[in-house]
Amino acid sequence: MSDPNNYLETFENPSHNRDYLIEIITPEFTCLCPKTGQPDFAKLTLKYQPNKLCVELKSYKLYMHSFRDRGSFHEAVTNMIAEDLIALLNPKKLQIHAEFNVRGGIYTNVTVNHKWG
Amino acid sequence: MSDPNNYLETFENPSHNRDYLIEIITPEFTCLCPKTGQPDFAKLTLKYQPNKLCVELKSYKLYMHSFRDRGSFHEAVTNMIAEDLIALLNPKKLQIHAEFNVRGGIYTNVTVNHKWG
Amino acid sequence: MSDPNNYLETFENPSHNRDYLIEIITPEFTCLCPKTGQPDFAKLTLKYQPNKLCVELKSYKLYMHSFRDRGSFHEAVTNMIAEDLIALLNPKKLQIHAEFNVRGGIYTNVTVNHKWG
Amino acid sequence: MSDPNNYLETFENPSHNRDYLIEIITPEFTCLCPKTGQPDFAKLTLKYQPNKLCVELKSYKLYMHSFRDRGSFHEAVTNMIAEDLIALLNPKKLQIHAEFNVRGGIYTNVTVNHKWG
Amino acid sequence: MSDPNNYLETFENPSHNRDYLIEIITPEFTCLCPKTGQPDFAKLTLKYQPNKLCVELKSYKLYMHSFRDRGSFHEAVTNMIAEDLIALLNPKKLQIHAEFNVRGGIYTNVTVNHKWG
Amino acid sequence: MSDPNNYLETFENPSHNRDYLIEIITPEFTCLCPKTGQPDFAKLTLKYQPNKLCVELKSYKLYMHSFRDRGSFHEAVTNMIAEDLIALLNPKKLQIHAEFNVRGGIYTNVTVNHKWG
Amino acid sequence: MSDPNNYLETFENPSHNRDYLIEIITPEFTCLCPKTGQPDFAKLTLKYQPNKLCVELKSYKLYMHSFRDRGSFHEAVTNMIAEDLIALLNPKKLQIHAEFNVRGGIYTNVTVNHKWG
Amino acid sequence: MSDPNNYLETFENPSHNRDYLIEIITPEFTCLCPKTGQPDFAKLTLKYQPNKLCVELKSYKLYMHSFRDRGSFHEAVTNMIAEDLIALLNPKKLQIHAEFNVRGGIYTNVTVNHKWG
Amino acid sequence: MSDPNNYLETFENPSHNRDYLIEIITPEFTCLCPKTGQPDFAKLTLKYQPNKLCVELKSYKLYMHSFRDRGSFHEAVTNMIAEDLIALLNPKKLQIHAEFNVRGGIYTNVTVNHKWG
Amino acid sequence: MSDPNNYLETFENPSHNRDYLIEIITPEFTCLCPKTGQPDFAKLTLKYQPNKLCVELKSYKLYMHSFRDRGSFHEAVTNMIAEDLIALLNPKKLQIHAEFNVRGGIYTNVTVNHKWG
């Protein structure tokens, strides 16, 4: 169902000599609750150390927008985004951190690590 | 006296390939002081790395509400919640952190760690 | 149903020469949602300029606690508290401001003024 | 095109004796840019002094959600929401304040007043 | 019982041509609760527009310290300090604002105005 | 030298029935110091109540960018922007507030009001 | 003793058509305590509406520095700076606000207004 | 001179299975300067991992109050409190952190660790 | 194309006995987007442990300004600045952290480490 | 030129049993720029673990004041203060951190460590 190839594009890492970290923060992530159909909102933070490829920013934004009309559980959607980006970039390390807005008086955050430390 | 089976439900961990962290923050925890019968208030933060099971959010909220009319000492209630969740989830690691509201000019926090490192 | 005489006590205004303002802030107000039975939480701020009487602080705290098990709509409970205190104190002016915790992504505040402007 | 009757419901003002103010804050408002089709996000604050009717909170939330797939210019959508609520509630006074998220390095806020000053 | 003459000293207003405002903030005010003998703490803010006299800062600090061992109700002590300073300075206008630390989950502030506006 | 016609565009005010306020905040304004040629930076806030016309946001952004290579004194540039927008929009009221970044340990703000009240 | 002519320079107001406000904030004001010789520190905020003249910023900075080695009481120095600038600029209105750093647990602010109203 | 036995009481650790951390924050600590007799103020934070005993909160509060009239140097009093609590509780680890209010423009903090690292 | 020799100057490290860290924060970095020609803005933080040379501050400022009219991708420009400074200073360790302003609802940070840890 | 013996005094460490940390924060450090003669300002933070001696607070304050009229480069003065205190106290470990106020849009911090890591 999730086909990131429709959205995500890459460019070649401009610095092969030296490891470095890229952090991309999306405070405007929104999807739908699969149970109620009501909108959910989250702040999504991607950090990764590139290998040969970097994710292109505009394509990443469109990928984020592609969740707007999909039903997605908190834990599942965060893991799915991590898997998509790991498959795309084969990064040296990667972390996805999602902070979902309060529902029923409860705040939920999910953090997925790939070779993170 | 505490019977979490009345409230807590689980669902299967959607990601078995990769370890990740779930954080659930409840700023609206309230119970009663066993000495005076007066209400106490706390912000409760649960963090855990799931094994085969995750705690279902709505059932967790009801479990939190179940303390509303119970008398509970700060140190004891935080440990009891940790024991209930460890028994339920058998998590890879887990932490409960409770920040109790000021009483008599004094703020009390309690932190219970399970295989936390 | 609300019988503030069970809780609220007064003492004589210690300063008759000069008008002044008393502000009493209760960040730990909680009641129940009349529709769902689930707990609601609010920060309640009372401001008043006393006439002949002031409200005694400990009795005010117990009055606040008396809402813990009652079902109360946001708009109605704020007005009811205002009416109780106006009847008790006959103040020169009075304001009640209630800030309810977020529910369904929405924050609600209610402000009742008595001879305030 | 906007038909608020599909969403908005009212209940009778519980306090006719005394004027008071209701404030409803929606940090999760989202619509689409009519030019680009890209999502826009805003924090929407409604304040009003009720006359005979109050807006029911759950119906208000659904009304907010109804903008999720509509193209809406900042200035026009804020005015349209104001007109819908004024027609529904005939309030003694009303204010809508929308704070749109940054686009192109620029933040835009729109404030509509009805008998406010 | 309160004898401010033991502490408070004045100096001549250095600017008679032009009205101006002096604000003196004391975050370290402490007295005793007359009921329980337990310590109370407050932040005290004095604002005044001098007439012929200004209060000397070191003497004001000692006057503040003189409450350390006295039992004082919130409303009464704030009014007493206002009266002492009005008698001492005969100011064009004066305001005392006391913010008492939380007790029993309740914050209390008291504000006394003299010809303030 | 300043020719706003090269940048600024307008659209028709979508609400003629009711007065309302538009606020446009630009944290990324930069120009050059006429004395030293060194860059200056400011946060520029425009507020106005539209008459028949509103300023189009993208054209406003380009107008802001047009100052990037111009030498401009703080007081003069803020007034010039106000004059350009007043000539363009003939607004019911307008305010420009510029907060310049610290230079030599000193922060400078300039506020220009047009029928602001 | 204070000779502002040694420091302060002016330039002609670039906007005679329209009244506007200039605010100059100096967080690095320092002088000496006349009693103890110890350094005092303050944040000084000047606001004025120019008439025919504006104060030149670099000269204002040097004027501020000229207090570094002078003994100055809080109330007196704030009034003296106000008088110097009023004599220099003959402004339509002017305000000086000085926030002195804490001494002996007490914070002191002084505000001088000229036609500020 | 310090006799904590007059104040401090203990209760049995309710959780022997699992190590956990207790943090008790006292923003209202006050003592006297041994040189000048003037009051000092501090925020005191105790953290410890209990062994067989926990400190009872109300007795801890009274112990804190017992310093109100004692002359105490910053470094010495923080160490003394640490020694008293270590003797009382024989904790698995303990830390005392004291943040003293500014005096003469200087802030002083003292941190004592027991098996903390 | 980048010729830092036109800007950057050094001075001899004043402390050869002891390692220490220098941090230089530039909140006013601006360059151009190579795709659109529109300005980008960032806060740039350099940290380094000097070897024999330190970078002179005024020359560093001019080097920062030299990017004002250049097109530069986020990832590339951060790496280029790191390489220039490493070549200039041969530091014991060095880190560049760039926080770019939001574009399209997305914040991007880039961190380059050299022997950092 | 720097002769700390004129200012700095010590007292005997009151706790030989146990290592602990002392932190002394001076937000009011000021010296002169050796190039321009203009004042510089910094917040200076000293942390150290005492050996046999502690630095006396009042003498430390006077030592800080002694830089008021001296020309001092950022990197050099921070190292000089570290050397003076290391020679005076022979501490088990020590850190000096200086945060200089912004100059030319650039903030500079310097951190010197002695046996710190």
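A, B, C, D, E, F, G, H, I and J label the chains in the order they appear, each numbered from 1.
Keep in mind that, in the parts below, a contact is a pair of C-beta atoms (placed from the backbone, for glycine too) under 8 Å apart; a residue touches a chain by one contact, two chains touch by 3 or more.
Quick caveat: nothing in here was measured; it's all calculated off a predicted structure.
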item	value
Least step count from chain C to chain J, where 1 means the two chains touch	3
Which of F-J and D-F has more C-beta contact pairs	D-F
Whole-Å gap separating chain G and chain I, where each centre is the average of the chain's CA atoms	37
Interchain centroid distance [CA atoms averaged], chain G/chain J, Å	31
Averaged-CA centre spacing for the pair chain B and chain A, given as whole angstrom	28
For chain B, residues contacting two or more additional chains	27-28, 38-39, 41, 101, 103-105
Interchain contacts, given as pairs of chains that touch	A-B, A-C, A-D, A-I, B-C, B-E, B-H, C-D, C-E, D-F, D-I, E-G, E-H, F-G, F-I, F-J, G-H, G-J, H-J, I-J
Residues of chain I defined as touching chain F within the complex	27-28, 30, 38-39, 41, 65, 68, 101
Chain A-touching residues of chain C, taken from the complex the two chains share	38-39, 41, 101-105
Residue numbers on chain E that touch chain G, as the complex places them	13-15, 17-28, 50, 54, 57-58, 60-61, 64
Chain D residues within the chain F interface of the complex	73-76, 78-79, 82-83, 103-114
